Every structure is written in structure tokens, then in C-alpha cells.
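Across the two complexes that follow, subunit A remains constant while its partner is subunit B and subsequently subunit C.
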Partner chain A sequence: MSPLVQPGCSVEIRGLRTEPAEIERALREHPAVARAAVRATDGEPRRLIAFVAPSGDALSLRALRGHLADAKLVPDRAETAGVPEFVAMTGRGHESEAAWTADGLARALADLTRRRAPHTAPAGATERYLAQVWEDLLAVDAIGLDDDFFSLGGHSLLAVRVRIRLQRDLGLEVAPEVLFENSVLRDQADAVDRARSGEAAR
Partner chain B sequence: MSQRSGTWLLREPSADAEARLFVMPYSGVGASVFRHWPERFGPLEVCPVQPPGRENRLGHTPCETFEQFGADCARALLPHTDRPYAVFGHCMGALLAHALVTGLTAQGAPAPRRLFVSSSRVPHWPPERRYRMPAPGATGIYHPSMTDDQLREQVQRVSRLLGQGDLHPELVPMALRVLRADLRMCFGYRPAAAAPVGCPVTAISWQDDSDVRPEEMTHWSECGPLGTHTLPGGKWTVLDATAPLAEVIERDFRREEPDVQRRMTV
Partner chain C sequence: MPGSRPIVSPDEIDRLDFTDRVLHSTRDLAEVWRHLRAHEPVRRQPPHDGLPGYWMLTKHQDVSAVYRDGAHFTSERGNVLDALRGGGDSAGRRMLSLTDGVRHGEVRQLLTKTFSRRGLEVLGVRIRAMARQLIGQALERGTCDFATDVAKEIPLAAICDLLGVPHRDRERIFALTSTMVASETPVLTHADAWRAKNEVLYYFANLSEGRRTAPAEDIVTLLTSARVNGSGLTDDEIVFNCYSLILGGGETTRMAIGGAVLAFLEHPGQWQAWRRGEVAVETAVDEVLRWTTPSMHMARTAVREVTVGGTGIAAGDIVTLWNVSANRDESVFDRPDDFRLSRTPNKHVTLGGGTHFCLGSHLARLEIGAVLESLRELVADLEPAGEPARIYSNFLGGVCSVPVALKGR
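On to the complex of A and B.
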């Protein structure tokens, strides 16, 4: 478990100076956020982590990033520079005070980390598209090519929603079974590409 | 297929966990059914087990017998028994948990600190005694003599009870396929005798469970020294990991053996 520190007034994250306290304040003001804390990892490279508890059912990380960009706290349309990583505090017990102590937050970050595979960034168009769909449904950002939909908290109803998004966005029919069997992002992108090029999607 | 896909544990266990709780799914569902459970109960890190043929292991050949499940699952989990651990199973999951523990000890693993079983009759009763046809109004009770429509109705009732509305129509055929395979496995299971697990057993009953009654669960004493609890709620309250359930799991796991255990047995 890597320790977290309360960042100073200004820190450099992925090549860009950011104001963690300002980011935390802006996140707290967002109507979809019940509680927020921004911390930095100790050691290099320094990572900025935004822990957010949703006020309702849905939490769109995309909307939160847009909100930070509107407030000029992160660069508009930035890929990663200066943008915090998000940890959605949605699990059981996350409303307790203990969950928001330095130890509790470090634990939440570790719990999310062990659900992920070693990170390889999505590169292809389908991979990046699916990573965004997964992020919308799972409230997990920076999804990597080797991440598994079910390990990140997905379940069968959410898999059906991936299918509905594919229908809506790409006009593509993919059976739920194909999404289950290809639950790793890299495999799912291949399956979608095969379906698009008219091959059997299996 | 990527290397990561299709492992027995839904997520990687932490290297720094004090203790582990392996959690079994039940008939017709996969490991994600425990998504509302916390990450840990006290020292126990929750490790949901994903049997082949479900969710992200849909493409893997399902186990056909409990003996096969116990041996295969034990082989996969053996490296993770390097610290204190316990196993939890509800309904069919209780039989899977029991099979895993016997499989692990047969392969030389240290015995778990405790086996937790919830709403399940014992494995060594023959299927005719272990299972019933659902009573009128029952939810999530299955029997091989039921038609697909009847099975679907039971699955829908569980889904509605859990506040998820009706099961999405596209998921019904898949759910029924998994359920039929599980029913074949359960009704073909006829162990010759009670298999002791080499550790104490906690049997959990639910006050409003019309299927399995607390007195039936006392027979788990034939598998190990028994502690019993009857908790508020019905058969599916288990999925919410209510405070009384969390307390039973943490307290019984920490319980010193064997003196205190004997006092607790009713």
C-alpha cells in the first residue's frame, strides 16, 4: 500500500503544474459529488488522485473532468497532463469517516489497483472507444488493454448496456455472450472489430 | 484470449492481506453477485471465486461434479492459502465451499480457520432430501423437474427482489443454461458419507427463509465443530452483507479454538 500525502498548494503532475486544493474545492461543488478529497502519492512519479463519493446513483468521470476543464483547473481536452486519476468511493463502508482518513484512502486506492491488470494504454480507435464506454458504466478511469470488465465491478446487466451502446453508437449487433467471453478490453476490441468487418464475432 | 481472462479469483488478492475469505457463488450466478459486499470483514479480505462457465469464464468448460470442482478450484487457490483463510458459501455455494475445503486439504493445504455455510442442507444428504420443490411464493428455489418457464419465474423473482427489475430478456437464455448445468451437478451429487472439513463450521440460517430451516442446518455438525446463527432477513439478505452477517463472519473467524467454540455450539 503506497502512502498518500496531502499535496502542497501547487504540484507538478505529469508535466503540468496543478492546484490540488482548487481541484478538490471544484469537485466538492459539483452536484453529482457528495464528498471529495485530492491526494498525491508519495514518491516519483507523483500521481494526483481524486477520491469522489457520488451524491446519487450515477457518477460520470467524464463530466467531472469537463467540470475541472471549465473551471480552467486542467487543460481543456487534455489527454492526461495535470488531470487527476479518479477513485470512485462507491463501495460499502465508504461513507464512514475511517474511509476518508489517510489510511482509508490509501486502502481504497490499493483496492482499485488490485482489480486492474498492469497498465497498457488503449491505442486503436475501437480500444479507446470501448475504454470510454466501460468508464461511463463502471466509473473507473484509465482503463487498460488487459483490464477485465468483471474484475473492475462489471456484471451481466452492465454487459447488456455495453451491447446497447454498441448498437446505438456503431449500429453493431454483438451478442451478450461475445462480450462475456471477451471480457478483457483487448479481446473485446478485437471481437468488435471482427463483428464490424463482417466476420463471425467469436 | 488474454492471460488475465478467466482466472478463478475475480480480482487479484493483496499481497499484504492478513487473512482471506474465499466466497463461492450459487446456482445460476457468477462472482459479481457479491458486488455489494465490502472489500473486507475485519482482517479478512473478500476474494470472490469465479467457477468456469460463468461471466468472464463463460467460454470455459463448467465443472460437472463437486469432486472435480473441489480438485480444480483447490489447485488454483493453493498458492493463496499461505496465510489464515476461511471459505464462505450460500445455498449451492455452501456445497462448493465444502468441496473446496476437502479438495484443499487433500492437496496438502493447511486447513482453513473456518467454513461458513449459509442456507444450505448438508452435502451428504441424498438430493431427494437435500432439495425441495419451491413452496408457493418461494423465491430463487430450483428443481430439475421445473420447466424453463418455471425456472425463469424464480430467476425473475430474485431479480425483482434485489431491486434490479426483471432480468434483461437477452440474459435469460444464458442464465437458464448455467442454472440447468448447476441443477444437474447438484442432483447428481451423492457423497457416500459426511466428509469432515478439519476446521470449525459456522452455519447461518435466515429468519424468513422458507426453504432451509435452522434445525436442518444443525446437521453441519457432522462435518466439523459447529456454531450456529439465525440472522434477520430472508434467503437473499446475504447479498447485502448486513451488519449482523458481517459481525458473525468477523467474530467467528477470530474465535479461539477449541474451548470457546464448544461453549458456542448449540
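On to the complex of A and C.
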């Protein structure tokens, strides 16, 4: 488990000066956020982690990044440098005080890290599209090609929401087993591409 | 005797896997339950296959007490064994039956009027007409499969009417819901059940989206337009509650109605007593509910340390309440293994208890009562016409096929 430190007024992340306390305050002010804590990892390379608990049912990391960019606390929306990595504190136990102690936060980060595959960035259009859909539904950022939908907290209703997005955005009807059997992003993008070319051929 | 299963000896208890869907379908566990009630009413099942262990409660007194003890037990992590051992139900706090406390009361309040005796008056007329019609058709044919021709149709039609599911979609919804928690074959895979559940959720996500722009007089519209503390239900809550209602409304009562006719075939004396009009319908319905016990078990999680029947249970432990055993508890029921329609009092736990007491209890009683009354009015005699078949599940218990020959009055 990587130890976390509560950074002071300013900290350098990958050569960029950021203001963790300001970021934490801005996140807390966002209406979709019930509670937030911003910490840095202790080793090198140093990473900035934002732990956020949603106030309602949905938590859009995209909206939170936009909110931080609007407040000029992180660079442009398109940039990723200086933007904290998010850990959504949802589900059982994360409402408790113990979850927000130094140990609790380190555990939450370790738990998410354990469920993620080594990162390979999505490249193709369908891969990037699905990564965005997954991020919206799972509140996990920087989805990689080898990440697994169910390992990241996906469940049957969230899989239904992927199907609804595919229907709405791409006009594509996919059977539920397509998502169940292709739960890794890379495979799911392939399956969606196959389904699209199948529809086009018809 | 139609449908009799080999009896499992209590000597086998330590080797039994109570989560095995085939066990409950193919073996008769009555002696096992009797032994557990007498000797080990609060039993600990050890962890198995990397999945957590759980407590089994088999006495009526303990089962009833836990249903009513909202201070020590929660439903929010799940209320059936499979979901709890699998790490918790994803619908926790987003489905009424998996929500506790203040929010539970607020959301339940939205639905109580629809499911009240008064709220169901109009639907009751349709249900009784449908029961007469289906049994009349069965009489014309001479033989029928009561489980599919009658028991399946009535609860499905009633809950689909209430939810607002169009007629053209009902066969598909039935095929899906009957695969979600149980199966007619022993080889249902996890993927089959997952696929069926996913399709039903997808269906209701689309149906509820449609009702936002085209409201109707149904529960889906009621849920999409509801306000609780000034805000609407979330999309997840709407879809999960529809899922819960179609499953709770369609599947359990199907088991009770099919099981009632099987009980008549097995106990011709009770059929004669019923036919002669010796028993009030409300009394008979309660005995059918006790005898069939469609929800074999329910489950809870202890939220803090607690003592049940003199045994200490730790916070976080999974506790299963075996309704099938509690309903045959000799310390509560006189001659519990007799099917006796005139039984009073009849404090069965088939519909649960406490704040999560079955929301659809009036609807279930109405449907079962309508079938019993139509049988009495129209049928002179009934006889087995083949072997009944049981569903495979560790949660839902009952018959999916009851071939029967009917003679009119």
C-alpha cells in the first residue's frame, strides 16, 4: 500500500505546480460531491489523488474535471497533466469515518489499483468512445484497454446503461451477452465494431 | 403419490450444500428441517468454495424475531443467499426490498395505495373473470397443465396490468423472469440468469423512459413522476423497483397456485372439503400460502453483535431465515405436516414480517383466492394426469408443471 501524505499549500506533480488544498475546496463546493479529500502519494513519481463521495446517485468525473478547469486550478480541459486522479468513494463502508482516515484512503486507492489492469491508453475511435462511456458509468478515470468492466464495479444495471448508450449514440442494438462475454475494453470495442459492420452489411 | 421426492436423512446434514438449486428441487428436506429445529435451530454453515459462511435459522420463533428486528439486521446488502455470498446485491438501497430506515418508508408509501385492498378492487374483478375463463377453457379440454395454463397466466397478467407492460411483451417478460432466479432445467448457468436479468432491466429502462413523455395510469408512470422529499426517484431506483415487482408479483404467486392444485391432488379429502364449501376462502388461502411457501428462504446481514435463540451472531454475518422450515414448526402449528385448509390460527411466515412484509400480500391473496373459488364453482373432480415437475432454485420453491384431468360440475 503506497503511503499518502496530505500535501501543503503547493506541490509539484510531473513538473507542474498544483494547489491541492484549493482543489479539495473546489471539489467540496461542487453540488454533486458530498465529501472530498486530496492527497499525494509519497514516493516518486508523485501522484495527486482526489477522493470524492457523490451526494446523489451519479458522479461525473468529466464534470468535476471541467469544474476544476473553470476554476483555473488545473490546466486546460484537454490536458491531463496536473489533473488529479479520481477515486470514487461509493458503496458500502465509504460513508463511515474510518474510510476517510489516512489508512482508509490508502486502502481505497490500493483497492482500486488492484482492480485495474496495467494501463494502455485507448487509441481507436470506438475504444475512446467506450472508455468515456465506462468512465461516466463507473466513475473511474483513465480507463485502459485491458481494464475489465466488472472488476471496476460494473453490474447488471450499469451494463444495461452501456447498451442504452450504444442504442442512443450509435443506433446500435447489442445483445446482453455481448457485453458479458466481452467485459475487457479492448474486446468490447472489437465486438461493437463487429456489430456495427454487421449492421452496415445488412 | 405425484411429485414425491426421496427423503434426505438428518445424518447427511453436514454433507448438504443448501445453496445447491438441485438439492431443493429433487430431495425432500422435511426430516432435515425437523432435526435442525430440534437440535440445531441456529446453525453455522462454514465457508465453502471461497464464499463466506452463513447462519441458518429454522425455528418459527427465531425467523419471526429476525424479520422484526430492524435494529440488528439489514436487507441493504441483499436479501437472498446467492447475492449475499456473491459479495452483496448491486441493487442495495436502490430497490425497496433492499432499502431500510426512513427511505424505505418513504418509497414504500408511494406504492401502498396501489397494493391496498381498496386499490386492487378493480383489478380484482378482472382477476376473478380471468380465473373463471382459464379454468373453463381447461375444463373444455379435459386435461391441462395447471402450472402453465392457469398458475403462470394470472399473476403475470395482474402484475403486467399494474406496471403497464403491453400485452405484446408479456410472453417475453415471462420467459425472462422465469429464468432470473429459477429454472425448469438443472443446468441454468450464471450467464443465462445474468442475460435474463439484463434484458428485463433494459426493458424497464426503456419503458420508464417512454412513460416520462407519455404518462399512463400505471406503476411505471407513478415511479417516474414520484417526488420524495422534493426530488424524484433516480433512474436506477425506478428500474430496479420494476424488476423487483415483476419478479415478486409474477413468480411467487405462480408457485403458490400451482402448488395449491398439487396439494389437492395429494390430499383428495381436502379437495372434497373445499368443494363442499366447508372452509372460508381467506382461511384456505392462508393454508395454501403456508403449505407452498414459494420463498423458501430470505436473508439478512447482522449490522451489530446480536443473540438469536441463545447463540451469538457477529456484526457482518449473513443470516438465512428458512421459511420452509418455520412454516412446519411443530411448536407453532398443530400437526404441521397436514395440509388442512381450515387451519386457524395460521401464523405462517410465507409473506415475511416486519417492515419488509410482502408489499403484494393483498394481490397474492386475491389471485390465489380467485383460483380456489373458480375451482370450487366449476370443477367437480380433479385427478393427476402425469408427473409434476419442480423448478430448480435455492430461493424459489414450487412446481412449473402440474398435469391434471378436470371434470366439470
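Operating definition for what follows: the second predicted complex is superposed on the first by the 195 of 202 C-alpha atoms of A that agree within 3 Å, B and C clash if a C-alpha of one lies under 4 Å from a C-alpha of the other, contacts with A are read in each partner's own complex, and residues count from 1 in each chain.
In the analysis below, a residue touches a chain if its C-beta (ideal position, glycine included) is under 8 Å from a C-beta of that chain, and two chains touch if they have at least 3 such contacts.
Since the structure is predicted, the reported quantities are computational estimates derived from the model, not experimental observations.
Subunit B and subunit C, once both complexes are superposed via subunit A, clash.
Of the two partner chains placed around the shared chain by superposition, subunit C is the only one that A:Asp57 touches, whereas subunit B remains out of contact.
Judged by the touch definition given at the top, the superposed model places A:Phe150 against subunit B, while subunit C stays out of reach. Legend: residue contacts after superposition of the two complexes on their common chain; A:Arg186 is shown touching subunit B, with no touch to subunit C.
Touched residues of subunit A were counted for both subunit B and subunit C, and B has more of them. Contacts of A:Gly82 after superposition: neither subunit B nor subunit C is touched. Contact with subunit B, but none with subunit C, is seen for A:Ala110 once the two complexes are overlaid on the shared chain.
Note on the superposed arrangement: subunit B collides with the subunit C stretch 293-301, while the other options among 113-121, 293-301, 329-337 or 365-373 stay free of clashes. Within subunit A, the residues touching subunit B in one complex and subunit C in the other are 92, 155-157, 160, 163, 176-177, 180-181.
Those residues of subunit B whose C-beta lies close enough to touch subunit A in the complex are 1-5, 10-14, 16, 30-33, 35-39, 50, 55-56, 58-59, 164, 168, 170-171, 174-175, 241. Subunit C contributes residues 77, 88, 90-92, 94, 191, 194-195, 197-199, 201-202, 205-206, 234-237, 239-240 to its touches with subunit A in the complex. Residue ranges on subunit A touching subunit B, taken from their complex, read 1, 91-93, 107, 110-111, 114-115, 117, 146-151, 153-157, 160, 163, 176-177, 180-184, 186-187.
Those residues of subunit A that touch subunit C in the shared complex are 56-58, 92, 155-161, 163-164, 175-177, 179-181.
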